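In the two assemblies presented below, subunit A is common to both, partnered first by subunit B and then by subunit C.
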Partner chain A sequence: MTSAENLQAFKREGRIVVVGASLAGLRAAEALRGAGFTGSLTMIGDEMGEPYDRPPLSKQVLTGWVPAENTKLPRRREIDAQWLLGVPASGLDLAGNHVRLADGREVPFDRVLISTGVRARPWFVESEAALDGVFVVRTREHAEALRRALAAGPSRVLVIGAGFTGSEIASVCREREIPVTVAELAPAPLVGALGAMIGDVAADMQRAHGVDLRCGVKVTRLEGDAQGRLRRAHFDDGSTIDTDVAVVALGGIRNTEWLQGSGLAAGVWGIACDTGCRALDLNGLITDDVFVAGDVARCPNPIYEYRLISLEHWANAVEQAEVAAHNMVSGQADRWPHLSIPLFWSIQFGVNIKSVGVPTFADEVVVTQGSVPDRRFVAAYGYRGRVTAAVSFNNAKWLDHYRQLIETAAPFPPPCPTPDQPADMKPVPVDFPGPTLLAQGATVVVTGHDPSERRVTAAHQHR
Partner chain B sequence: MRVVVDLSRCEGYAQCAFLAPDAFRMHGEEALMYDPNPDDARRDQVLRAAAACPVQAILVDQLEGRDAPAEASPS
Partner chain C sequence: MTTTETPDTLRRILDYSSRADPYPLYAELRKTPVARQEDGSYVISTYREITDILHDPHLSSDIRNLSHPTAGAEEQTTPAFINLDPPEHDRLRRMAMRHFGPPHTPGLVTGMEPALSSIVGGLIDDFAGKEQIDLVDDFAYPFPVTVICHLLGVPREDEPRFHLWVNDIIDSIDYNPKTDPKEKLDNGIQARKDLRQYIGGLVEQRHGRPGDDLLSRLANDDGPDGRMTDEEIVATANLLLIAGHETTVNLITNGMLTLLRHPQVLQRLREQPDLVVPLTEELLRYEPPVHIIPWRAAYSDITVADTVIPKGSQIMLMLASGSRDPNRFHDPDRFDPDRRDNQHLGFGSGIHLCFGGPLARRETQIALTELVRRVDRPRLVADPPQYRRSPVLRGPIHLHIEQNGN
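Up next is the complex of A and B:
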């Protein structure tokens, strides 16, 4: 049989298994069927019920508008799959081509897609994490439990960690007029993702909305009463606050433990893959039949010097799922690279915050449009003289323009064609708390508009 | 019915909030909040909103009239 005939036979009667039945898994399954795959499709997921959407959990659900139950994802088409839900995969055998389930079953496959995502990082002291009143928010059940606790009218909520999720939760508390303290180790909220300048804006915004924001502090202990209910939190500066609800918003842990011993390049950093979402093995070799998508994937991006980047972004999960699905049922010559520029949004304190690109891949940042005090502006990020990212506060209409600047390696600071330029457009150091990403190398540009024609071409440096 | 809005695409034009105010609301000046599970009685409104969105960011369930697709029942 020729390879084309092999591929046709595989599309007709092959076996595809998807591990992780959430956003990326569902969208991949739909894309597989859309591409004409008629073989057997098995969805393995450790959560019960149909795939649901997570972003509303920290927004619509916590405000009390939408019950957590009502966040099931709409379907683009029937996927005619066999669903194995409520049981985690516990191993991947690449020699024998099967997925092992925790209940002992084995599920054979010809190709497998891994989209096991991340889980919430729990509070580091188990007995304190177990106190009544201590929450995380990753699943529908988590959000429902916290929604109920907020509806009960707590005297004060403590949010530990002022990243996006923590800040959104603080915003919901203020909307519901619940007193809230936010504790953040960094000098300001959102600093890890967006740097010091935007961090200062976020801090002002929180304080203006009545958040008791404490930066540069660490929560050291959560104290419960005799009934096991949270009562107090202790900080490393010796202070304490009385609180009956604490939300631990310290980021996620990638669900890769089950791949130990599989031979894949999987670890705390995620699962490494190529831009075609094909997994790498421990030696860095591309596997043929194992694909990865979503929060668990760690994908190289040519725009960012081929760095392997993991993103916990909704749009990234959808796009990688579509690219992975396409490549799972396509021959070598027809494969697509995943070359989208990352996009992220958050809604907090009535402001629409969006980013395009990778803001941590920057050494300078400059406000290019609008007004920071009005919380209506765009800031562009640059690295060694090229635009690498942009963030907008209530100015999302412009992000597409900045995406094009990033894709075409436009010089930084960028010329801006709009009438709302601030008087002072001076770039400042971006100032991330950790070591900034320092490297140099080829500048590349992305060409084409959809995944079938997007390619990278090498370009000459601007300076 | 089920709805999801790709908010990375949404540019806050608010057409949806105008056409189906029970399902889509603006939060502040340009942030969109929506009900991912609007009442079936609102279906026409919501479909109209989805069609009117200038960036086609609104996805409505294609499996019309089926509450819980049979394939999703856990085995």
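Up next is the complex of A and C:
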């Protein structure tokens, strides 16, 4: 049989399993059916219920404007899948071609897509995390629980971590006129994603809206009362605040533990893959039948020197899912690379923030349009004289242009005047905090001597 | 190399004899995505290049940035936001949107639906007993005009007066110094003056009398940006009145014409009224009411498809051609209401994306659904119908339809 006939037979009656039934998994399933895959399709997800949309969970759901149960993802087409929900996958056997579930079941596949995403990073002291009044926001249940806590009118909310989620939650609190303290280890909010200049703008914005913003501090302890209710938070500068709700917004943990021992290049950084969304094995070799998409994927981007980049972005999950699905049912010659430029948005304190490109891949930043004091502007990021990213505050309609500048490696700073431009267009250093996460130790070791025997093995104990 | 001189194709498009079917000429034009004209202006006709340029901050909508200002530019008045750049454009558009749409007035368009249905119903009631109707005069014109008058707070009975001014203004948009009598331009300038004066009078009456119409709200409400000056209100109201007049008429008329040319689609719409939503989008791609953005100004040197357009150049954007670009749309000359990924240029794109788009959509959806539901066995009397002069705002001047019984 030729490989073309093999492919046709696979599309007709093959078995595809999708592990991770959220945005990326659902969009991939739809794309598989859209591409004419008529074989069996199994969706495995650890949450009960149908896939839902997460961006509203830290925004409209918390204000009460959109009920949590109304966030179901719209279906683009029928996917005619078998849904195995409410039970997580616990292992992947690449020799025997099956996924193991936590309840002991085994699900066989010809090809598998992994889109297990990330979960919220919990508070680091388990007993404190369990206090009544301590929340994270990742799932629909989390958001609904926090919404109820906010509706009860807490005396003060403590948000731990001023990334996008933390800042959005602080914004919702102010919108509901709830006193809020934000604690951030970095010198300003959003600084890890967007650098010091935008961080300063974000800090001004929070303070102008009455947020008690404390930067450069660490929360050391959450203190409860005898009933197990949160009462107080302690900071490393010796100060304390009285609070009855704390939201832990310290980012996510990639759901890769279940892949230990599978032989895939999976770890705390995600699952490495090529631009075709094919997973790499531990040695860095491309697998044939294992694909990855969404928050858990770590994919090289040629625009950024082929660095492996993992993104927790809505648009990235959709685009990667579509590329992965296409490649799962296409021959070698017809594969697509995932080359889209990252896109991200947030709404906080009445401002629409949107970014295109990878702002952390930059050494300088310059305001190219609008006015920073008015909080409506575009800032372009550059790396060694070329445009690599842009961020807009209430000016999103221009970002397509900046995407094009990034794609065409346009010179930085952009040389042409625009009608709405600050008089002084001086680039400043972008100034990100140090790569703390990268320094946390190795995850693999290399063994063997001759090229034929050199291999990588996992070293999970290094964490 | 994308730049060649194809003045002939553009001239033929602008010529009235091409009005009924300019699409083959657009296909010819697209062979040169960025075409320099004899007078130093540039014509852009392909989808990617048009969208790129509509998102390019180095482009200006302000006539003062043209090195050779267009005819009639000497008028010394406050421009409407359509002819301004940020930050002025953003400020005025935001202040107007405050009373028209989300986030401050989210329910305006949906709140108007009962009124829209009742106006449509009333107009179709009047078809009774007539064997022949003119879809333009009897329906597609009076409907949006009634709506925009109601919305703005302009007395409907003044329509015969401002109708003439609006006609003169629209005529002067296409003014070509080589072929048109100067009278056409002068009429346009005079009509703008008259319309401004008329609206100015209405604004004066509104001060201190807050009401529900847009004019009273603009004249009395303060938002974070403060309050519009009277000149700004007049400019904004003029824009909305003219745009509310001239585009939806063509969209509805072009829509009915297209349905009559595709009887199987008309029948489907009758059986499944929900089809009207994607159908209206396809209409905005296939037979849009606005064919051309007559000019934009290059604020700096701009590179489009490897062609450098020098600062100060006039740029003409052929929206209707872009929406039929085979490099963007599969089988673009086919009217396909089931089309997916239909990101047409019917309402433009970027910061000047049509302000009234949501209202125009709802008006057209209600109009077409009711027309096919209630007009019995409609037939075109003449195909193609007679078209209006304008190549910019393109549509039939009359659309005679026969109906059976009633």
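In this text, the second predicted complex is superposed on the first by the 432 of 463 C-alpha atoms of A that agree within 3 Å, B and C clash if a C-alpha of one lies under 4 Å from a C-alpha of the other, contacts with A are read in each partner's own complex, and residues count from 1 in each chain.
Methods note: a residue touches a chain if its C-beta (ideal position, glycine included) is under 8 Å from a C-beta of that chain, and two chains touch if they have at least 3 such contacts.
Please read all numbers here as calculations on a predicted model, not as lab measurements.
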Partner chain in contact with A:Glu50 - subunit B first, subunit C second, else both or neither: first
Which of subunit B and subunit C A:Glu257 touches, first, second, both or neither: neither
Touched partner set for A:His401, first subunit B, second subunit C, both or neither: second
First (subunit B), second (subunit C), both or neither touched by A:Asp132: neither
Partner chain in contact with A:Arg376 - subunit B first, subunit C second, else both or neither: both
Touching partner for A:Thr418 - first (subunit B), second (subunit C), both, neither: second
Which superposed partner A:Trp314 touches (first subunit B, second subunit C, both, neither): first
Which superposed partner A:Trp65 touches (first subunit B, second subunit C, both, neither): first
Touched partner set for A:Asp236, first subunit B, second subunit C, both or neither: neither
Overlap of the subunit B and subunit C footprints on subunit A, listed as residue numbers: 376, 395, 397
Touching residues (chain side subunit A, partner subunit C) in the complex: 368-371, 374, 376, 378, 395, 397-398, 400-401, 404, 416-420
In the complex, subunit B residues that touch subunit A: 1-4, 6-12, 27-37, 59-63, 68-69, 71-75
Residues of subunit A that touch subunit B when the two form their complex: 48-50, 53, 55-56, 59-60, 65-66, 70-86, 313-315, 318, 343-345, 347, 349-352, 354, 376, 394-397
List of subunit C residues in touch with subunit A within their complex: 51-52, 55-58, 60, 62, 65, 85-87, 90, 299-302, 350-351, 353
